[in-house]
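Quick one: the structure is below, questions incoming.
Per-chain residue numbering starts at 1, and chain names A, B, C and D are given in the order in which the chains are listed.
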Amino acid sequence: MNEGSYTEGIFSWPVRVYYEDTDFAGVVYYANYLKFMERSRTEYLRFLGVEQGTLRAENNCIFVVRQALVDFHQAARFNDALSVQTSVKLKRKASILFHQRIEKVEEEGKKLLICSADVTIACVDAGTFRPMRIPRFLLEVFERDS
Amino acid sequence: MNEGSYTEGIFSWPVRVYYEDTDFAGVVYYANYLKFMERSRTEYLRFLGVEQGTLRAENNCIFVVRQALVDFHQAARFNDALSVQTSVKLKRKASILFHQRIEKVEEEGKKLLICSADVTIACVDAGTFRPMRIPRFLLEVFERDS
Amino acid sequence: MNEGSYTEGIFSWPVRVYYEDTDFAGVVYYANYLKFMERSRTEYLRFLGVEQGTLRAENNCIFVVRQALVDFHQAARFNDALSVQTSVKLKRKASILFHQRIEKVEEEGKKLLICSADVTIACVDAGTFRPMRIPRFLLEVFERDS
Amino acid sequence: MNEGSYTEGIFSWPVRVYYEDTDFAGVVYYANYLKFMERSRTEYLRFLGVEQGTLRAENNCIFVVRQALVDFHQAARFNDALSVQTSVKLKRKASILFHQRIEKVEEEGKKLLICSADVTIACVDAGTFRPMRIPRFLLEVFERDS
């Protein structure tokens, strides 16, 4: 199974661009970058020992995206090997602000910035979708991580 | 909202091809035809007065796809206006076999067959996913329709 | 085929939520709102007489998303009938800023705001992806529209 | 980056189920299994030293799906770690028949069969989409592999 890496507060998750991610303009369809970024957030939580399925079953808590400010810098293309980075920018009682970047490694180690985003994730009740405090153990996990 | 049409046992649902449906080969990505076909099945049920959300809430019953035999004849492209047809081929106690076709209307009324499929849909318990009989009222709806 | 409507500078495009748009949290998966918004932009251009396929073939020009600032207010769910609105907020030489809103009409005409966004679209060369001026006829179409 | 494995004629590619792959019935949306299978076919070709981007650029040749006979046995769910297998069943002048299986490894090494398919892939001219013979070097690659 795929493996992420972590260094100096930044978690990186590799993503390969397949046919399904591209459109007839020859590049990755813009909404699919948001899928890549969600995979990196999920794998970052998994890396910290947090499984969202368990969070839902045991704490009745799920994460929803409240806001996404996304800049699309360069197009990624079919077969590109991308690195999707996630880091915590700000922690609040019921939400977390992540900074995310998608990069493509080119020849000679040069990096091409594809996409960058500030994404606000809120913790809500899985049944009612009302805001709830982020469970203590989760905040502590992020504390250890900062 | 979009409108379907029904004649001689065949329900037709219009679908437009957008950027999101295409890939960098310049045509509709193959898995997306299965999305179009599912929309047509859902709208056919709606046309017959059956809402799957209600079926789930009141009868604890959902439909899952058991088998799909799909032939891809011609490629559909960006901006194409397609007609996605659904008809009942066979009814059983716990499953229905639908025949589906996706066509593109070209100049002078000529029709281009894009995709055709035999799709077996099973009725299952929404919680356990075990097979269950199709609710009586639903079989009667299809009886009226044949 | 589906029909949009236009009033006082705002173009509205209807979208139905299908199984394909939802996720196991029971709501529309966040990236799919960006697909709905792109359909509305495409249909708005079509409404103004502009076909992106033709723009590409004849003017070698395509539109790419440079930035999307998206607020997710309320969740949309399976079977919801949504209205996806597009209006021009600002026109530049090589880019246009659209404001977009996704609403759900509830009982008694009450509207629920699902999602709102400011989306910057740039005009680029279809081959090189370098910025290019928006073709004159297109700016005039938007002038007539403002 | 993710890694596949190969043994006795069967190539296996790992796939993780994310939010984007699920629907509100709580399971993987059926069309997404076809995405997983396409990733495995692409990675199998890559494993054999064949890059589809290069095939297109140098041989003007792309692969399209002509037929897919898919059986959906059990549902896969959020967070599941799946193994998507691909093997060559039959080789013709202008098409290849692949057999594919998606499995989930459960406790004690028990395997759960999620989905199985016979998928016919045709070689076509990238411009005209007319059938063309599979390039000799590619048939030889598969010969070595059988």
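Going forward, a contact is a pair of C-beta atoms (placed from the backbone, for glycine too) under 8 Å apart; a residue touches a chain by one contact, two chains touch by 3 or more.
Since the model is a prediction, treat every value here as computed from it, not as a measurement.
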Between A-C and B-C, the pair with more C-beta contacts: A-C
Most distant chain from subunit A, judged by the mean position of its C-alpha atoms: B
Subunit B-subunit C separation of Cα centroids, rounded to whole Å: 27
Distance between the centres, which are taken as Cα means, of subunit B and subunit A, whole angstrom: 34
Inter-chain centre distance, subunit A versus subunit C - centres from mean C-alpha coordinates, in Å: 24
Interface hub residues of subunit A, defined as touching at least two other chains: 19-20, 25, 27, 31, 35, 38, 78
Subunit A contact footprint on subunit D (complex, rising order): 1-2, 14, 16, 18-20, 35, 38-39, 42, 51-53, 78-79, 81
Of subunit A, residues touching subunit C in the complex: 25, 27, 30-32, 34-35, 38, 62, 64-72, 75, 126, 129
Contact set on subunit D toward subunit C in their complex: 19-20, 22-27, 29, 31, 77-78
